[in-house]
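Here come two complexes built around chain A, the first alongside chain B, the second alongside chain C.
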Partner chain A sequence: MIARRQFNLLTAAAFGALSFAAPGLAADPVTIGAVEILTGPNNKYGLAIKNGFDLALEEVNKAGGVLGAPLSIAYEDTAGNKDQAINAVRNLIGTKNVPLILGPTLSNEMFAAGPVANQRKIPIVGTSTTANGITAIGPYVFRTSLPEADVVPVTLKTARDKLGVKKVAVMYGNDDAFTKSGYDVMKAALEKLGIETVATETFGGKDTDFSAQLTKIKALNPDAIVVSALVEAGSGILLAKKALGFPAKVRVIGGNGLNAPKIGEIAGDAADGTIVGSPWFIGKPDPANQRFVTTYKAKYGADPDQFAAQAYDTLFIVADAIKAAGAADPEKIKDALGKVKRTGVLGSFAFTADRDPADTTGVVVIEMKDGRFGLLP
Partner chain B sequence: MLVQQLLNGLLSGAVYALFALGFTLMFGVLGVINLTYGFYFSTGAFVALYATQYLHMPIFVALPFAAVITGIVAVIIDDLLLGPLRRAKAPELSSLMVTLGATLLLYSLMTACFTTDIRRFPPAVFNGGAFEIEGLRITLSQILIVVTVAIIVGGLAYLLQRTKLGLAIRAIAENGDAAQLMGVNAGGIVRIVSFISGALGGAAGVLIGLNYNAIQPYMGEMMMLKGFAVIILGGLGDIRGAVLAGFLLGILETLTAGYVASSIKDAVGFLLLVLTLWFRPVGLFGRVVAKRA
Partner chain C sequence: MMHTLDNFLFTYQSLIYALGVNSLLALSMYVVLAVGQLSLGQAAFMGVGAYSSALLTLKFGVPFPVALVVAAAAPSLLAFVIGAPTLRLSGVYLAIATIGLGEVLRIFFLNWDYAGGALGLNGIPELAGFIWIFGALTIALAGFVAICRSRVGRAMEAIRADEAAAGVMGVNLPAYKLGALVVSAAIAGVAGAFNAHVSSFIGPNEYGFDAAVTILSFALLGGIGSPFGPVIGALVLTALPEALRPLHDYRLVINGLIIVCVVIYLPGGLLPWRISRIGARK
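For the complex of A and B:
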């Protein structure tokens, strides 16, 4: 409770500072809400998101704010807790009268808090919620993060078109909801792309020995191995693949679980050649992205991650919608969100009729080389 | 492919066998199902990791070093946990519960120190080279595993069957009180057996950590389930049975994954376990001991 109060005081202080910093904008600020994990064990996600918002907020206000007034964000902490997320949303709507809410950080928080905002007819925009069914909560629930179901097909299509992958073996962890749903996405995408699946093998998330599955796969001579696994099992598969002497051209194509630099640390050179898709990559060369990376580093002294990049883009999208709505009115903002089109650091963006991101052209396919991810040439 | 699969099975079987050896020895001689055993597996791996990383030991030194340190840890833990129970001649269930509680505590402490992040041996520790003969592939770390397991099993068999110490250990296993009356120093033997078991568990941890290059505190916990299956298949306390059952389980699992379906790989081992308990509770290779009045 004390922490919460201090936090509000801090945001209030930040507010004050902000209105002084923007002397051209005399009117009261337009305040939107943000519900993120700012404390507790998962707060690195929430803090990265907050950094992204704040950086974009600075730029929006430097360029004149919205509706002739500065834009400001009232933050609420969920500590990763669903009930706290619901209370935060209620508080923002009930006492702060915000016309729009950003967040929450996790999909399961959105499943809890999204219905509350939807019922009060306040648009709520998730920047990091990738689970299936988020936007099915209701017509006021939006998300700007690409679900895995949109990223994996891009990875596989790139593998087919650029690397000539025609037949693959699939391996997935069958005792984990995340890796299993990743597999479902892969299976559908492989069928759609006409890539032949010569074998489908499973393993347990805690297994350490994958040699039996891989020996079988090796005998079938696939062009690549498509893997839905978390870092631990994924690294084990890469090491076993190397130990069994697979030809170097047989790559591992991973889902979101393998989009982690840690696999290079654990599997060493056995991870070389692994490719995964990512909605954003720090090394993307376009000027907008490079400028974002530089200013972020200058402000926070650390590299941005995917969560910060998604938050950064989202704040501009939201600001555009408020401007287009012409008033800080939830209903008008909701309608305007559907029409926003802009190009940000994640590439070009628009919402589908179902309030999911419409465009997957921003997805980059990255390749592990010498223990680090880089753009696939 | 069959030969490669058999080789895969032989390798995972060798590790199961090595892991189960110490476990079954503890049960056979000390008469307790010591659940802290999995912790020794993790300890061995971590000691070797730090020895190679910070003391720059070559792996051939780090392996015995880790085994000895783990053995000492096992003696201390056994003395602290089970010593008082043994003196009070407490029933077996109490020692099982004590080791269960201790396991949870030890893993939590280890996680607090090292976190659950996966660590790996420095790449220079062991060259990942491999031999390939007619499509059959075996890496140097796999050869190290097989050779180490062979040396350890041979050494243990020699110790138990051919030495005076072995005779004393077997006497304690057979009947502790009678052995003590015959002049066997029971306290000393208990410590030696704890040391050997801990060292075996630790060595198994090093080898597994090396082969899969993934070390984290709970790695022993995952081996414990398989370890249980192996010592029950082999017959509780039966050294030869543990080795044979380890290889049997490894090969069976591999063949199931390779030729039937990988999704039922783990089920096969436990099916075998249940069948053994139903039809041959003394273990697959055990002899029924007739108790005479």
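For the complex of A and C:
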């Protein structure tokens, strides 16, 4: 082992000396796969994730790569389609022989593609799959994104303790896996925290009129409205809430779907006071995060979002695991992943025995004010 | 060599299954188009087949062949109920009724918590395989070729060419149309069952209007002169996005471009020819 490491160092040093004009490592790269939505309507998620990976990849390779060779990523597109996600995973495993796969982007894609990787005993690491039951697919399925079940209770507890929220009304979209499972989590957390639910109303993801539900809710006079919705419907609810003249102290408490700067753009000042929990926030003051935000902006000319941040951290976690495994071997990487401990832009990270993120201390509660999110004072 | 073949099969296994399943769906569309009707409920029939068979094998451990029979019977029954009143009318009523059926079923599956609601069903056992899917496809194709060459096939073609004339010649229009719809629903249901039992996850939004239009496009791209046309259409439309994978970001652009070119330059579809008949003149 020692002899081998010395050998690697020697070769690296030798090649480094030979080719100092073009920095980089000469050995064959260690290639891992990534399956993300790079085309189609949901590609904003996949592209943010790819940017996060690429930025981290650059830094990993600048610091010497893994196993004495550069790390590289083979991307495959799913277009947001579960069958294409399966094909992409099969392609990466069958023809490119990757020892690990990052992605896919959506939970539904993971439910389809995860079993394929698991059956072939190739570790697959989701960076944005938050639905319940993802890691139950099998022992080779990991995720680095905090499930909603970890984020929502923090948000609601903060609302209860800091803002004195005692009774709420709940609204959720019942035709979408993401918003429905968000509601299930909210319901359980509300019961556990002893917050009274005065009404539960549903809507469809493409609805534009929410006045019936909100008129009913207004009559019940809750302290806040808990909403599980994606951006479009969520913004519609915020606008309707303002139009119906709710008092300003009745806030909307959102799930991860409302954790998007876009609601400020669409709903304007109607969005003020909205609070959501987030595994990451661009304004987190710690130096690691600030450095990430600056380099990301310099490279891509845009602000990073939480998907980019999660991807950025994940690539370092994976690189650590490959280094610890000592070989590009799926079985060894899988064992090493379980032991990785690391502090990144999302806070400290380790996997639980069930391959979910162990630490929720990185969750921050943020508030919408004047069209922008800021930390809740 | 063995290893290479193994890896090749592993890589393209789902694609090969999808080719078979989509070919069956294209055939199910063909049966309806062959009597001059338009159904946009094929995705819904597929969904009923997928859900009914998946619930049976997943929750009750029913053997796959039995589940397959139910997957064919349940959508057929539905097609009968929808088709019997609407097919007696001429015009676009079947298309409208089947769009409605698809929407109703989607909402039903979304709100049916026993079947997973919006979260769908996952962990469906992988029971269908190469032999099942391509066996069924071969049988269906052989069946349609036989029908095309028979009296029934001629009657269907007559209905498609001129409904009124065919009726005057003594073709029982409602019976033919209803029969075609029921058979088509059964095939779509079987395809749905295969799809559920090779991809391990199904959700209610997979069987909506988009899927119905995709199935229709298989048949239109391939041409509906013979049963082979829709199958070719399904093979091309399924394999194309995968074959174009090396083009990365441009693949869906090229994919769309190829389809547009086919529609413009081959309006009759890729395979416009009819099956030749024994004793047919010309």
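Please note the rule applied: the second predicted complex is superposed on the first by the 291 of 377 C-alpha atoms of A that agree within 3 Å, B and C clash if a C-alpha of one lies under 4 Å from a C-alpha of the other, contacts with A are read in each partner's own complex, and residues count from 1 in each chain.
Basically, contacts are C-beta pairs under 8 Å (C-beta built on N, C-alpha and C of every residue); 3 or more make two chains touch, one makes a residue touch a chain.
Only a predicted model underlies this, so the values are computations on that prediction, with no experimental measurement involved.
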| item | value |
| --- | --- |
| Chain B versus chain C as contact partner of A:N87, first or second or both or neither | second |
| Which superposed partner A:S211 touches (first chain B, second chain C, both, neither) | first |
| Touched partner set for A:E196, first chain B, second chain C, both or neither | neither |
| Which of chain B and chain C A:G133 touches, first, second, both or neither | second |
| Contacts of A:D28 with chain B and chain C, given as first, second, both or neither | neither |
| Partner chain(s) touched by A:N174 [first = chain B, second = chain C, both, neither] | both |
| Partner chain in contact with A:R120 - chain B first, chain C second, else both or neither | second |
| Partner chain(s) touched by A:D303 [first = chain B, second = chain C, both, neither] | neither |
| Residues of chain A at both interfaces, chain B in one complex, chain C in the other | 174 |
| Complex interface listing, chain C residues touching chain A | 7-8, 10-15, 18, 107, 110-111, 117-120, 122, 199-201, 203-206, 241-242, 245, 248-249, 251-252 |
| Contacting residues of chain A [partner chain B, same complex] | 174, 201-204, 206, 208-209, 211-213, 215-216, 219, 231-232, 235-236, 239-240, 242-245, 262, 265-270 |
| Of chain A, residues touching chain C in the complex | 38-40, 75-77, 79, 82-84, 86-87, 90-91, 93-95, 108, 111-112, 115-116, 120, 131, 133, 174-177, 179-181 |
| Footprint of chain A on chain B - complex, ascending | 1, 4-5, 8-9, 11-12, 118, 120, 123, 128, 130, 132, 137, 139, 141-142, 208, 212-214, 216, 219, 222, 253-259, 261-263, 265-266 |
